[in-house]
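Listed below are the structures to be examined.
Next come two complexes, and both contain subunit A; in the first it sits with subunit B, in the second with subunit C.
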Partner chain A sequence: MIYILSFPAAFLLVIVFLLPLFRYSWLSIHASSVITGLEVIPNNGANWFRLFNDERFWTDYMQTLRFAVSSVSVELILAILIALLLNHRVRSKDLVRALTLLPWALPTTVMALGWRWIFNTPYGPIEQIFKFLKLEPINILSDPNLAWISTVIGDVWKTTPFIALIILAGLQTIPDDLYEAFRLEGGKPKQAFFRITLPLLKPYITIAVLFRLAQAFGVFDLIQVMTGGGPAGSTESVALYSYLNAMRYLDFGYSSTIMIASFILLMFACVVCWFIIYNSKRLFQKSKL
Partner chain B sequence: MNNTRNYLCLILIWSLAPIFWQAYTSFCTPEALIYPLKNISNRWTLENYTLLLSSNPSFLRYLLNSTIVGISTTFLTLLLAIPAAYSISKIKPIIAGWVRLFLLSAALFPYVLLFLSLLEIARALNIGNNLFALSIPYSALNMPLALLLLSSSFKDLPIDLEEAARLEGLNLWQRLRWILIPLIAPATASTSILIFIFSWNEYPIALTWISKTELLTLPVAISRIAGSSVYSVPYGAYAAATVLGSIPLLLIVIIFQKQIVSGLTKGAVKG
Partner chain C sequence: MTLVLTKLGRYIGNSWIINDLSFEVKKGECLALLGPSGCGKSSTLRLIAGLDKPTKGSIFINKKNITDVSPVERRISMVFQSYALFPHLSVAGNLSIGLKIRGASDSEITRRVTSTLALMQIQDLAHRKPSELSGGQRQRVALARALLRDPLVYLLDEPMSNLDAQLREELRPELRRLIFHGEQPIVYVTHDQQEAMAMATKIAVLNNGKLEQIGTSKELYKTPNSLFVANFIGRPQINILSPRDGAYLGIRPEDIYFSETGISGKLIYTEWQGDKQLLIFDTARGKLRMLCNGDINVPDSCHLSWSKGKEHHFDKNTGCRINPQ
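Right after this comes the complex of A and B.
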């Protein structure tokens, strides 16, 4: 039986992925915090009642969703443009591709701090540029209404190359003959994009968006290092909230409840997103040649 | 054509400007940072670097720690993933679909949500503060991608090849060792690079598992340099740390970009 070969890997996957989910589900219906002396005591679903009435959790959830949806959509649009550019015959294409990949390869924490320095007031370069242009400087990191935009910028900078790469791989599977035929039939280049390129890219877009959406939903490093969830909690994500509950407030029961709830809400978001992409007939209409 | 080049330049500026700014900052004295436009005599300095290298433990220690974690994770993952991928490539199509779905959803899973349970495991087994132990969760987190990439390249090999080897009297181990594994070397290479980059960069688990200063991995060490207050960040020293921490990755990306690109795209496409 060659399947025995996969047992060690399967065992590891079960320990690291499935065991925590069971453990969280179990902890989420128990009290386990400093108050109980870290003993695990059943508490009749009090964690879940608390969660439903916890304004901070739902605010964080909406903020996380706002972060995920806006960064993924900006990334997708930019990535398609970049992939279209790189798909041209360009000199020293490999070097260009390597250099655009660099942001993706650097540790998130490293560049999260880099962005904090760039947005720094009054010494950061953005502030200097604003001063130079005689514009009113905005303190983006300490404005509760704007701080989340700075985190989106950091995320877009880092992960656009990843999506662009996947889209580029998709573009390279489209044969040139299709465009040629479309042109001979009298189609315009702009139409070709919507009627050939986008429909054929659909599987690539789907996988990139789902992957990025899930990752962006679990955003932690970027926010913890760049804003610490502030100002006034305006950038706090659900992952950061559950981290604070576990590591700062030492409330493991409630932290587990948040993780399970975010997991369920994330699956819901992914299903909705998948549904939207798969039903967007207008955008992805296959052209009839 | 000329337009294309201009746009490409724009993309490059967008990708590289923040990194260049870090490099510039790392060579500046604090005075130069406060008055970036004024003409100061003592603008340039290497002090940020000497400070980092002479601190205790030296910054190089963190680079070494991250390298240890990266290499041990890569090794452990491949050790478990190659046989498993081989057996996955042999499963019947119907079950294989479910296996792939499971692997794909595990790969999509925002693993940050797992940190609490993993921390409990580390405490129960008393394996916190151990760089080699860190490669256990890391290799599990990389396992889905590794299995998807490796099993699909096992499947791409012609069946006749293995059949012929079997008729020659080679047993399973010999077939893997002498015929199949050498043939999937390109996929193994790109998987290894992706695993290494992931382990080098991982933050939440390293943050919770490692508390001894001399064992910190690079991302955690850098976020510690920054401290917790927005106003007290020693940006010069921090920028120097960024530059030192980025150089290995810069080299990896430039040298192995073909492998990285093929790993990322195949991982997405086959899934």
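Right after this comes the complex of A and C.
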């Protein structure tokens, strides 16, 4: 009887998660494109063979991985620093917290457009600053080797507050007593951070990193607006490639294959990440007893 | 070894949370800081530990001024009310962390942790996390950590207030056995006068950051210096009768007896306390609490008396004790 109460939640989960997952899995082993007249025809896993030999997919996958790993790690470090700062007695704490959260509340498309203008040549402020300092201006958005960094900057700017908030919640669960006891034993603030704060933040860091990793891995809107995947496909993400297959080439079968493949690869990345964090004790401290 | 505080004060916001506090705790003595919440007893402990800086005054350990010395160099053990065990470390980890950060050798760490675990009889718990321990066990671990520090002074901040009454009584003798036989002065913060009397050789009663009186529990009970101390020490509370000749009259409930000649009173309340009973009478001088033998059947109205020698007089304006001429 009691299971009836979980029905709304289960229903929602099935509608927005399980159904699309099954639908895409099913589509991924069928041909469904403009050539088949959008009919769904079984094609003996031809999509998957195509995927394994699709250089563009694997390039995009590595690019997405590069984007996700670098933005999440930069975000995590910045977020911990910001949270530590906010956890201290800051004047007008609430106002500062609200301001910190502002970037996160902004719609991605809006802020991506903003960043595109900031990096714009020759009118963007970055270019102006370079000119003012009499430096050789670099056109970051049109340099295939550097453009991905601009997308990382945009992502870091937007989502650092989110991680900072989670870390801040974690910091507030650590009682002051622990730091005082540690101080009496001769612990320095730096040692306190590595021996108390970081280990006790671990569950919060895990949540934040896994959550953000999954999000960053599926990045679409930021890149679509900022670079459109360019220049020369150097910032194209897996989600963007999948989108192009579906919406530009009207190949729904292959688009689904990309989706499912990236889903599996993301799961794999998350498990690896979780494993690293949960075995991180040796990274922070050598415990003998 | 001695601990001396001279004219210690701490000013926060716009008030002195501790003011002009001076006392001395000698070798092997245990001083209980007793007082209501907010009286500054925990703040005093934090000043001695070096967690807070005093606004004025000095602290001496073994005649050395340590007012500006860092907490770790003061070599102090503090047992926190919450125990402050590190939740991510095992019991052994909690004991060894201090030695580790102070750079002790591995063999020394192993030796001292093992011997302290043995002394506290908690070898079996060595690999458990604090969350897997009972309240009493956590307290033992906190004590073990304090012992391991080999300090010059022990500070205990309500170390038993998180335990139930029975466990508290069981742990008292043990606490005394482990810590109180040593050379080190001990400062013990509590709001429980029973505990203060049981544990301490001297009691300091604090009120609003000021020292009201310091002495043995007997002295505090027999000759309270002020109205506040008289009210705070002794249960049931002392009777304070309305002022006459510019002085309050205090008389303890246990010093009142029945007599034909005393003032008449009407029994309005009885509280059974085992071998004793607490009676409250309505008299011409106000309500009177009286403690008497539990076997007596008390009539509804009777006459009460007390001897002159048991009276305490306090100045009407200052609340200070007036000694009889």
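The rule we apply is simple: the second predicted complex is superposed on the first by the 276 of 289 C-alpha atoms of A that agree within 3 Å, B and C clash if a C-alpha of one lies under 4 Å from a C-alpha of the other, contacts with A are read in each partner's own complex, and residues count from 1 in each chain.
The rule is short, and it goes like this: a residue touches a chain if its C-beta (ideal position, glycine included) is under 8 Å from a C-beta of that chain, and two chains touch if they have at least 3 such contacts.
Here the structure is a predicted model, which is why all the values come from computation and not from measurement.
The superposed arrangement places subunit B and subunit C next to each other on subunit A without a clash. For subunit A, the partner that touches more of its residues is B, with subunit B and subunit C as the two candidates.
Shared-chain residue A:Glu39: touches no atom of subunit B or subunit C. Of the two partner chains, subunit C is the only one that A:Ala181 touches; subunit B does not reach it. Contacts of A:Pro199 after superposition: subunit C is touched, whereas subunit B is not reached.
With subunit A as vertex, the superposed Cα centres of subunit B and subunit C define an angle of 80 degrees, given in steps of 10. Contact with subunit B, but none with subunit C, is seen for A:Tyr123 once the two complexes are overlaid on the shared chain. Within the superposed three-chain model, A:Met111 lies in touch with subunit B and out of touch with subunit C [touch as defined at top].
Legend: residue contacts after superposition of the two complexes on their common chain; A:Ile207 is shown touching subunit B, with no touch to subunit C.
Across the superposed structures, the minimum distance from subunit B to subunit C, using CA atoms, reads 16 Å. Within the complex formed with subunit A, the subunit C residues making contact are 49-51, 71-72, 76-78, 80, 82, 84, 86-90, 92-93, 95-98, 101-102, 106, 109-110, 113, 126, 149. Residues 2-6, 8-10, 12-13, 15-17, 19-20, 23-24, 82, 85-86, 88, 90, 94, 96-103, 105-111, 113-118, 120, 123, 125, 128, 132, 141-142, 157, 161-162, 165-166, 168-169, 204, 207-208, 210-211, 214-215, 217-218, 220-221, 224-225, 228, 239, 242-243, 246-247, 252, 255-256, 259, 262-263, 266, 270 of subunit A are the ones that touch subunit B when the two sit in their complex.
Looking at the complex, you find that subunit A touches subunit C at residues 175, 177-178, 180-188, 191, 195-196, 199-200, 202, 287-289. Those residues of subunit B that touch subunit A in the complex are listed here as 1, 4-5, 7-8, 11-12, 14-16, 18-19, 21-22, 25, 33-34, 36-37, 80-81, 83-84, 86-88, 90-91, 106-121, 136-137, 139-141, 143-144, 147, 172, 197, 200-201, 203-204, 208, 218-220, 222-223, 226, 228, 230, 233, 235, 238-239, 242, 245-246, 249-250, 252-254, 257-258, 260-261, 264-265, 268-269, 271.
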